[in-house]
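You will see chain A twice below: alongside chain B first, and alongside chain C after that.
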Partner chain A sequence: MKIIDIALNDLLRSFRSAFTIGMAVVAPLMLTGLIYFAFGGLSGGDVSMNAMKVGVVNADALPADSPLDAPIGDNIRAMFFDESVESWIEARDYPDEAAARAAVNAQEIGVAVIVPADLSASLLSDEIDAQVTIISDPTLTIAPAVVQDMVTMMLDGVSGGGIAIQTIMERQQANGIQPDPAQIPGWVTRYTDWYREFQRDLFHRPEKAALVLTAPSAGETESADPIQQMMGLTMAGQMIFFAFFTGAYAMMSILREDEEGTLARLFTTPTERANILAGKFLAVVLTVTLQGIVLMTAGHYAFGIAWGQPASVALAALGQVLAASGLGVLLISFVKTSKQGGPVLGGGLTALGMLGGLFTANIPGGMPAAFQMLANFTPQGWVLKGWKLSLAGAVPADLLLPFAVALALGVAMFAFGAVMFKKRYS
Partner chain B sequence: MNAIEVRHLKKSFGELQAVQGVAFAAEKGEILSLLGPNGAGKSTTISMLSGLLAPNDGDAAIMGHSIRTEPEAAKASLGVVPQDIALYPDLSARENLVFWGKMYGLRGAALKTRVDEVLDIIGLRDRQKDAVGKFSGGMKRRVNIGAALLHKPQVVIMDEPTVGIDPQSRRHILDNVKELNRQGMTVLYTTHYMEEAAELSDHIAIMDSGKVIAYGTHDELIKLVNGQTRIDLTLNVEGADVLDAWKVVEGVNGIDSTDGVVTVLVSDSNLVLPRLFEAAGKLGARITSVDIQEPNLETVFLHLTGRALRD
Partner chain C sequence: MKILDLAIKDLSQILRDKKVLLFLVAMPIVFTLFMGFAYNAGESGDENADTRLGLAYVDPQPDSRLSQMLFARLEESDALKVIRLEQAEALDSLRRGEVVGVLVIPSGFGEQDAGGTFRQLTLIAESNSSDGQSLYQLLRVPISQLMSAVEIASISADVQGSPAEFAPALELAWAKWDETSRLERVRLERATARVEESWFGDNPYNQASPGILVQFAIMSLVTSAQILVNERKTRTMQRLMTTAMRPWEMVAGHLLAMFGLVFLQTALLVVFAQFVLGVNYLNEPLGTLLVSVAMCLWVAAMGLLIGVLAKSDDQVVLFSLVSMFLFSALGGTWFPLEASGGAFAAIGRLMPSAWAMTGYQNILIRGLDLSAAWLPTTILLAYAFGFFLLALWRFRKMEL
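Then we have the complex of A and B:
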């Protein structure tokens, strides 16, 4: 009973400490909130950006003896009016370059694409040189770059088509077949259709294109809401970092009590020293547990984070509590005064948090292999692994390894720290 | 059975022998003061009695319970008032008392009733909900004492409870000690203020350098100096020369200098005082004040150690 009394007394004091509340709850929520708002949280979590306004001047025309059905400029124009991009590109036609420039100057559009009259001719003949001109609002950065990339890819594709047709003809000649010029428009049409489809797939259905952008790990499911996934990882990183901080700070209460004289006074009461230490340890576990519950609940309702299946969440959270409490007890067992505790908590836990990947959980593709390896040597790294799996919807069985490692590390650190404390206060 | 029985307690910290075979006893219902200068071993002795430090040798019993073999029973009979305030500043006076009451095994209605009683004893019922951190030094001292009384201990140890507080709070605490004693509690009171020891104590144990150098009632201790007189003098100059000269003056039995005041223990002040003036004059020094005092505990300490108690 006295163990619980001591633990509850510590909890009561923690909840009355503005510093503890600030570091345990307010700071992680505030930092996560900043990221949330930075990525569109103020608009209710909708991350859609404003559509780019693009003007197109297509003056291209087919030369007289062209094997093509339609000018290349039509393909460029069609690219900006395609239904697959209409959610993020708002395209308009302009009759000539002057009109397009005027629209850019008036900020009606951000970027204008000027396709010259002899573009198709230049691509079919080495003698003619024509260039597509892109005019942009100098205050914009992303939209001009995107438009330039799209035009470049299209022209690369056209060049690739010319090379492909040239290769077909050479192969036919090598095989003793005389190329039929009447077939060329058909080849060009087929190639153009394929290339247009390829581009659509590349941007909108990458799994059908040759390029695979990401490789989901085992048990990971695709999140329907990327901001939710991002916020989940961000919040998990913050929660883990501050859980370890809270664990150590809560354990530091024993040092503060030593300095305030209340620990010595406790020793004069008919309470066994082992029970006093047990009460202190229980306070750490309860504080970290309550902090986790508050942060998970707040994260769910404030940022829409789906933490995962209940059993998986329980395993990840339990691993966090045990590892954070264990490291807290261990770290503070080496510290003699609460003044020493500040640098240990600030420096030590930040360094371990960084090595554990807590601040880089959102980097696409993850950290370099060397850093991922280092994370395996920190309890924070294993706790983060558990949360990543839980956030991805993994079943409890998938979390057993990170949980077991967090549990083992937590128990080992706790036991070592407890022995040190018992030795110090015996 | 004595309430407190101390038998040859010893405690060392490395080379330092802080307590060297201390022995004394306090009967039930008496106030026993441990009087001595800072570093005499008083706090180390009561730290061993209250279970904070393990003795290297010897033993002690609180209400018959050995601190070595029955520490929990000994502690249950004991209330300890530490020298420094040992309370939670962010908790209210009541919350502090409730917590410490629980540590002594009180629960439920009994705890609530006893907390109310103790708040009345220390005179802070109307401030019970205020955080202790906002209290004055004297009020904190009263809560500090109250926390040791919750379980109605048979023995209370008070370690210099009046250090650094205003005269009014000091008076309140001394009256509290007397009242607790009237209620039957045995009090072990440590102090380096001889006035407190003289006012409160049934018996006084004078400690110096880790040993009890004298034990008895106030009157018994005064008899140790056997009619000697203490003279406090100040000089217009500071210097060891005058003190060295006075040490060899016939009739001087002890001499010490602290904070510009020279304390001299003499057999006959009428005879010795002119000699002191003469010796000082020979060295070009002038005596600027003389205070002749009746023998007191300070005189006793000076007689026993050759040093003033306030050292």
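Then we have the complex of A and C:
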């Protein structure tokens, strides 16, 4: 009973502290919230994108005796000024390449599209030596890639039309039929209609697109929302980092009590020292557990994170609580004063979190193999493995290995730290 | 003189504790190396290493002409390493990380050449990874061209009223697409003011180094802003107020100490990045100095405000960390603002941290000259002045 009293007393003290609340709950939610604010709006097809500023220099002119009504450069220009893209592309015209380059250097625009004077002529004559040049601000990566993709697709559409005409005519000639130029507009219209629909399906109707991208965890038929996956991993990384911080910080209460003299006073009471220490340890476990529950609930309701199957979530969370409490007890057992605790918590836990992969869970392509190997030597790394599996919808059996390792590490660290504390206060 | 004395006292008090060096120097260096390594993951290393993206090709009917055409085109790509596998084996390879994606050709795909119904191809890959997205982009073009050849062949067969015409027309159209796809019709060029050898714009530490510089400058307030709180707790400040020292001199003294500390840290990190990581801050030394001084003044003024507002050491840590999270994330020090949503980027661009990043990137990545440092410097100085006025106002109120 005394153990529970001491634990509840410490728990109450922790949750009365604005600092503890700030570091245990507000900081991880705030960090995840910032990431959500930055990227969350891009989910579910909501294109609340950061508008791309594109400059267009269209010098293209129709050659003499051209069958076209307007230069192909006009179509490229129109693509960037189209109503359908005005929510995410801000396009401006520039008179020449020099003016566009100056605008990119002055960061008035991020990307400039330079259409040469002979683009139509070279496409029509089948001599493709004219190139569309895309000049981009070197700090940007997404906007130039998007613009390049748009221009390439447009030119592919034009080339496709040309290939259609050439193929049909050549096949007619091969079969001894004289091609009738009057039929060409009909062929072009049919091909252009098909191409427009094909592009629309590819970009806007995944169920009809020729190629669909599917996440491996979601099986072959259901596409997972990448933003939700990213938010789950981000929140898991933050939750683990701050759980370990909270475990160690809660354990520091024993050092503060020692410095304030209340621990010595507690030792004069009939309560056994082992019970006092057990009460302190229980407080750490309860604090980390409560923190986990609050963060998981807030993560689910605020950011829509689906943590996984209930039994898998329970295993991942239990592994986290045990590993964080164990490491907290172990780390603080080496610390003599609460002042020393700052660098241990700040430096030690940050370094372990870094090695455990907590800050790089969302790095595209993942970290190199050597780093992934290093994560196996940190409790944070194993806890993260558990959460990754749970978030991916794994069944509890898949989580047994990371859970067992987190449990073993937690118990070992806890036992070692407890022995150290017992020696210190015996 | 009194201002200088107070600043020197603050600095000696802070630097007396050797653990401060952990936060001021060791941690930012480790973080810079780590983040640079993370940004660079998969990009650097052995030049002879096979950097092609692994693709498992799953096709239940590998003898169909359409599938053969697609497979041959993908095999020719310099960016792809294509292996034919059974579906279960392919998914295992994906799980083990041996391939980046699995392209599943649906049963009946080859029957489209006989006017069959539409069959969708599926790419199974991590959609939130750059490799997964790159793979999708790399596949989209040849698949679009193959579908185009199918449509052209259908039109040709219809025009000649002969289904037998489909096959030769498909071969011809595909051959023409093959020729066209080898042409470079779009050229991508990065606008850099300096194109000579001194340009280091592709160094992966160009994002990590200034980002960590700004982030840890704010984090250093954890130590320096505590001085003000300690002075109040130990009543040294009240004692100082009984001396001939004026309030503004006290504020200026503390500000100078904070500035000195942040500037020292920034200078050390700039030197480390320049000579160890090859981040070319000396591309425009005066520009780097101007941006750094202005950034440090802003951070110091903010530290002063935190020191005046906080009532305990814990509050200093909390306020400093919250400021660090907010300004770092919004200012684009963790990830480029270009990748974020519209509202986030719009707010982010107003942040002083974003202006500090712009100032450094103008020098490091855009290779611009001193003139490109003036605007970020001026805006950072305006922020510094604003924070200083706020701190002074709170300090005077605190006096009462």
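FYI, the second predicted complex is superposed on the first by the 244 of 426 C-alpha atoms of A that agree within 3 Å, B and C clash if a C-alpha of one lies under 4 Å from a C-alpha of the other, contacts with A are read in each partner's own complex, and residues count from 1 in each chain.
Definition applied: a contact is a pair of C-beta atoms (placed from the backbone, for glycine too) under 8 Å apart; a residue touches a chain by one contact, two chains touch by 3 or more.
Keep in mind the model is a prediction, meaning the values are calculated, not measured.
**Student:** Once the shared chain is lined up, is A:187 touching chain B (first), chain C (second), both, or neither of them?
**Tutor:** second
**Student:** Where does A:268 make contact in the superposed view: on chain B (first), on chain C (second), on both, or on neither?
**Tutor:** First partner only.
**Student:** Which holds for A:354: it touches chain B only (first), chain C only (second), both, or neither?
**Tutor:** Second partner only, chain C.
**Student:** First (chain B), second (chain C), both or neither: which does A:17 touch?
**Tutor:** both
**Student:** Just chain B (first), just chain C (second), both, or neither: which does A:5 touch?
**Tutor:** In the superposed model, A:5 contacts chain B only, not chain C.
**Student:** Count the residues of chain A touched by chain B and by chain C, then name the partner with the higher count.
**Tutor:** The partner that reaches more residues of chain A in the superposed model: C.
**Student:** According to the stated criteria, A:178 is in contact with first (chain B), second (chain C), both, or neither; which is it?
**Tutor:** Neither: A:178 stays clear of chain B and chain C.
**Student:** Just to be sure I follow: which residues of chain A are touched by chain B in one complex and then by chain C in the other one?
**Tutor:** In the superposed arrangement, which is not itself an observed complex, chain A uses residues 17 for both chain B and chain C.
**Student:** Would you mind writing out the residues of chain B in touch with chain A in their complex?
**Tutor:** 50-52, 72-73, 75-76, 78, 80, 82, 84-91, 95, 99-100, 102-105, 107, 147
**Student:** Hey, which residues of chain A end up touching chain C in the complex?
**Tutor:** 17-19, 22-23, 27, 30-31, 34-35, 37-42, 48-51, 88, 101, 104-105, 107, 110, 112, 128, 130-144, 148-149, 151-153, 155-156, 159-160, 163-164, 166-168, 170-172, 174-175, 177, 183, 187, 190-191, 194-195, 198, 202, 208-216, 220, 223-224, 226-227, 229-230, 342-343, 346-347, 350-351, 354, 359-360, 362-368, 371
**Student:** For a test of understanding, state which residues of chain C touch chain A in their complex under the given definition.
**Tutor:** My answer: residues 19, 22-23, 26-27, 30-31, 34, 37-38, 41-42, 91, 94-95, 97, 102, 104, 118, 120-133, 136-137, 139-141, 143-145, 147-149, 151-153, 155-156, 159-160, 165, 168-169, 172-173, 176-177, 180, 183-193, 201, 314-315, 317-318, 321-322, 325-326, 329-330, 335-346, 358, 361, 365-366, 368.
**Student:** Touching residues of chain A toward chain B in the complex: what are they?
**Tutor:** 1-2, 5, 9, 12-13, 16-17, 260-262, 264-272
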